[in-house]
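Quick one: structure below, then a few questions.
As written, the chain order gives the labels A, B, C and D, with residue 1 at the start of each chain.
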Amino acid sequence: MASSIAASRLQGTGTNALELDNVGRHFGALVALSGITMRIAAGARRAVLGSNGAGKTTLFNAITGDFLPSYGRIRFFGEDITGLAPQERIRRGLRRTYQISQLFRNLSVRDSVYLACRGVSNGRFSLVRPGAGDGAMLQAESILHAVHLDAEADVLVGTLSHGEQRQLEIALALAGAPRFILFDEPAAGLSPTERRDLIEILNALPRHIGFVIIEHDLDVALRVSDYVSMMHNGRLFKEGTPEEIENDAEVQQIYLGGGHG
Amino acid sequence: MSLLTEVGSPAASRPHFPELFTQGHALLGFVLLVYPALASDFFVTQIGAYSLIVGLIALSLMVLAGYGGMVSMAQITIAGAAAYVVAILGDNNSGVHGLGWSWWIVVPVAAGSASVLSAIFGWIAVRTEGIYTIMITLAIATACFYFTQQNYALFNGFPGYSGLRAPTVLGVYWRDPQPFYYLCLTVAAIGYVAVLYAARSTFGLTLQAIRDNPRRMRAIGFDVTAHKVFAWWLAGLLAGVAGVLLAWFNGRVSPGTIAVAPAINILVVAVIGGLRHPIGPFVGALVVVVIQTFAIDIVGAERFNTLIGLFFLVIVFISPDGILGLWARYGPHPERDGKTSG
Amino acid sequence: MSDNADQGRQALIGSGTGGGLTLRQVRTLFWLIVAAALAWLFIARWPEWLDGLLISKKAFLSAILNGLTLAGLYFLVASGFTLVFGLMRNVNLAHGSLYLLGAYIGYEVATVTGVWLLGVAAGFVVLAVVGLVMQILIFRRLEGDDLRQTLVTIGISIVAADLMLAVWSGSTYQISPPDWLQGAVKLPFATAYRSNGSVIYLTYPFYRLVVFAAAVAIGLGLWLMLNRTRIGMMIRAGVDDRAMLAASGKNVHLIFATVFAIGAGLAGFAGVVGGSALSVAPGEDVRYLLASLVVVIVGGMGSVTGAAIGALIIGLSEQIGLVYFPTYGVVLTFVIMVVTLSIRPQGLMGRAR
Amino acid sequence: MSIARRTILALALAAGVALPAMTAAEAETLKIGVLATFEGAFTVLGEDSERGALTALDEFAHKAGGKDIEFIRGSSDASPDSAVRAARKLVEQDGVKILIGPLSGDEGIAVKEYAKTKPDVTFINGSSAAQDTTFRNPAPNFFRFSTDGAQWMAGLGTYAFKDKGYKSVAVVAEDYSFPYTQVFGFMAEFCKAGGHVPSKSWVPIGTKDFSSVIAALPDKVDAIYVALGGADAVNFLSQYQQAGGQAPLIGGSITVDQTVLTTKGKLHDVLIGTPSAGPTADTLDTPEWKAFVDEYKKQKGAFPSPSLFAHAYYVNAKAALLALNEVKGDLSDGGKAYRAALAKLSFMTPTGKVSLDQNREAIADIFLTEVTQGPDGALLNKLVKRIPQVNQTLGIDEAAFRALGTVSRDNPRCP
């Protein structure tokens, strides 16, 4: 198992990190996602914009395997992952954060990140207490440093501030060896200072880690991404560089004008 | 679900096992060790040993409910399964089975079967979540009760088995009051320390994280179902060992041992004691056993159940964390730590 | 592969559109078979070899009819249970105590007034009030804490059982239905033929048929209430999505209280009706609680239709088990439950979450 | 840690309670444990048992062997586990040397097993009536002056076959050991007389809906033997009536006792004329019985007529007190002399002479009865015939009786 993951990693170099071919999803009569085709190069950083209900989170769920697409194919570093279980995708280096924080309220910050590191490594199962020299524990320390949470390491997650919880969300996604991360509105509910902090954290990520970010805050979205996709009613309707999107009249009218609330 | 919250204590990275080496534990250990010298045989076995056994069964529930968020009503059933194995493979005087195997085969087989049964229950129960688990395990426990009552070939039906005897090892008959008390104390202490340790092991942290947010645990690569089933297996092992002691304690096992009322009793014990810390089930067991034994001298046995029921209601209402929670709130507490009051 | 799994899931939910039989066709076929079987039971001679298998036509038909009546009773108890759970995520483990208390109160009122119907009404009304009080005094205070709510109901059931034992002792009570409900009716099922060729028809206690009819009527009433009235719509919305109900600014407390009152009232009603068909004694509380649990687990939480289907399955299997394999008949219902769970964890009519 | 301190406190408290309780046993007052069911659904029966025991105590003016006698209650919930726990408390905590009880069959077997571990304590049965309490693996210190469930059926099988002319009888009974024993006692005679039992329906305890069982009963039997207790009996009988059941009934000892006969509702029609047998009969008119009923009625909350539980506890308690008189209250030899006195004891009870066999099991009179309506409209068991001095093997040679094997669903058979 471990070797096959390593093999897929090697084979993935040079190809696109994420390829979506005509991916769609409907719930009964409701069409949530319709014919999405998308290519994102390894290390690329993509923002996905769109009003509420445009299908952005549905797109994430399809990519991470929270539910399966009704049709279409998804490839991750060249490998078809359309039908894989979520944890299998995680092990291949795909990560995500959640729009509403999905954390472990009664664990300490350190333990949470430790578990995340453990989850993507071998030996997830152990009846032994992790010692200070434990590899996953060491990695957790460095991730906590990367997301500016070192001081909070021993605090219970439930007692963290909202902003700190969003930082922890990102920390959990950094565990192991992420190759590609899906950020679902990481800036939601953050103060201006915290937003600046967030931009700093995201821009400081190693360049080989690509990501897709869903964000309503254009300031954040455009400053961390190098390419932008616009979604509306479950479809992609425009793509371009941040500058192009910022200056596009149609985008300004439909989306920036009054679309999002 | 504040009842199920576990105080996450800091410093998982500490290399040792510090919470065991406290003044409180030393004092408790001392008192438990000298207790038989102070008390009558009746108090040593009927109160002391019996509380430890009931506490051990309730501890297995505490592991599932406190750390795993799965409230099981089937723990007495699992303990009962081990007791039945003791009766079937060991000696009994009911004239059915009683294969007469030695204790050193019977005990591991009994505990092992109980843990496997527990894993099977768990596998059924984890298909559902939260509050459903109570209902499903209650239904499973009832099914087992009826089955043992009706089946004569294996379980000897309604009367069950009697004449179960603890072994004589090293020249000591282990059902004599003092040896039996120390046996129960040793087993309970091992169970307690193991749970205390395992709570902060990778598995323990995983289980608690699954309780808090199973969806995220899946998203960071954990097999939630397998971990939950393993927790059931572990809890089953605790309950199974307790079941062996229960068989020796009572000298018998019958469908009445695993009926609905005893099943509820275990939940009452665990909740009264508190589900936040592994000492809780033992505190609850002691309180309930003492009340149960002496209610007839104080209030008369007729309204015993009203007494225990009201006590339970009051505890659930004013202190979701049972007696432990009351203690945390009102007891002398110089080292009170603001962080743990969430 | 993933597509197959997805389609399979959809077929289960009932919106599959692919080839093969649609659910509607399957359903039609099922009812046709049932109708044919019934018609055959009405008219045909019972071949001798079936006697060996099913004891006798009379025994078989009685088991089926008794299963239906029992199902009616189970449905009355379980429908309240399932509604309360669906809406409040609260397993009311004191539901069986409500049944038993209703039966005792019905007995007292019917005995004192001499009017059985008054007893039935009292069973419903008093227990509805009890349910209301429980909701306001207890559950509202522990709102959002599902587990504590459930634990409290365990405490209540322990105390209630003991207090009812103190008041009504361990004796067995029978509530006598009025004369016009008693006696047996002849049903158009031929069970035997006399030597002169005339037919002996099955006789069946009229009261039991009334119980079944009452269950059907109440089931229809509930269905209408849930689907045709404003409060019913709100209840259904709450079952589907509690957060939405709260967010929509409706009076959530009123809805909760209504549902709890109806659920408890139905349990009390079932207590009097059931106590008249069978008897009232300590221990009935646990029995009907367990029956409700199994019915609702099989049928699916929060679904009244599911409760009806679950009640039918459990009632029939209990009676058939009692006659044809008495030794393990009591276990049968639980086996059905476990099998259902392993195939469809959310129950037959429950929603996947 | 705070929790630990709390535990210590509780333990210290528990130990503290222990010490005074141990020294409390005094020389002048002799404590006798009375173990019965004071919890759960059988509480009513337990309370009537206690009335029976107290009737005996009152008869002796609370004195025996020159000592004041005091009863200490122990409570079970009718489960064997709880019976043993209660017995342990009475013996090991309260220090009783004589224990009377328990109430039900499987409790009796469990307490007998416990008795073997306490050879210095004397156990005298309450009302439990399982055969194996004394018949197989008996305990040398367990005595039973009341008869067992099979003995209670003495005469009934013969009566049903010869006097009633029933050749073929179907059985409906609860699925546990007491009804097995009763069916055994009935069939032992009935089959020997030439009768047949083509079908036995064992229903789980607590069955409420018997109508399917009733419908499945064979049509071609002369009567139906019913061994059900309490609510189960009431349900069966009323549903049998509803279903228009035609075959006459034969009742087990507790199927037609006062707990069922006094049920509110209309069971009269179906019950009147039902033959049964047991250790008492409501219309027994010997002066001993009448005196006993009068004394019994002085107890608080007494029934109109003592139940067979009250009767059994009375007989056993009386035996305990008589033997105490015999040894002048001296139990100092570990109760050896006392048990010897018990074994030899033979005395008159309200229902005739009772003595023990070598297994310490009672030999006593059994009463064949039939349900009738009394002058006040209440149902009662009318005495039909008195079967004198029935022993445990029902008059059969012991070896032959033992060869019949233990009672079970399938033993005996005569289809």
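One rule holds for everything that comes next: a contact is a pair of C-beta atoms (placed from the backbone, for glycine too) under 8 Å apart; a residue touches a chain by one contact, two chains touch by 3 or more.
The structure displayed is predicted, hence computed values, not measured ones.
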Self-check item: B-D against C-D, pair bridged by the larger set of C-beta contacts
Solution: B-D
Self-check item: Most central chain, judged by mean C-alpha position against the global CA mean
Solution: B
Exercise. Name the chain whose C-alpha centroid is most distant from the C-alpha centroid of subunit C.
Key: A
Self-check item: Centre-to-centre distance between subunit D and subunit B (centres being mean Cα positions), rounded to whole Å
Solution: 36
Exercise. Starting from the mean Cα coordinates of subunit A and subunit D, work out the distance between those two points in Å.
Key: 74
Practice problem: Let me have the rounded angstrom distance from the C-alpha centre of subunit C over to the C-alpha centre of subunit D, please. | Solution: 38
Quiz prompt | subunit A and subunit C: spacing of chain centres that average the CA atoms, whole Å | solution = 48
Self-check item: For subunit B, residues contacting two or more additional chains
Solution: 146, 150, 302, 304-305
Self-check item: Overlap residues in subunit A, where contacts from two or more other chains coincide
Solution: none
Quiz item: Going by the touch rule set out above, which residues of subunit D reach two or more other chains?
Solution: 43, 175, 204
Practice problem: Flag every residue of subunit D that touches subunit B in the complex, lowest number first. | Solution: 1-8, 10-12, 14-15, 17-19, 21-22, 38-39, 43, 73-75, 77, 79-82, 84-85, 88-89, 92-93, 106, 109-110, 113-114, 117, 136-137, 175-177, 204, 406, 408-409
Quiz item: Which of the residues in subunit A end up touching subunit B in this complex?
Solution: 64, 66, 86-87, 90-91, 96, 98, 102-108, 110-112, 114-116, 118-120, 124-132, 134, 137, 154-156, 158-159, 172, 175-176
Quiz item: For the complex, which residues does subunit B have touching subunit C?
Solution: 1-4, 71, 124, 127-132, 134-136, 138-140, 142-143, 146-147, 150-151, 260, 264, 267-268, 271, 302-306, 308-310, 312-313, 316-317, 320
Quiz prompt | subunit B-touching residues of subunit C, taken from the complex the two chains share | solution = 89-91, 93, 145-148, 150-152, 154-156, 158-159, 161-163, 166, 286, 290, 293-294, 296-297, 301, 327-328, 330-331, 334-335, 337-338, 341-342, 345-346, 353
Quiz prompt | subunit B - residues contacting subunit A, complex | solution = 5-8, 10-15, 17, 197-198, 200-203, 205-206, 208-209, 211-213, 215-223, 226-227, 230, 339, 342
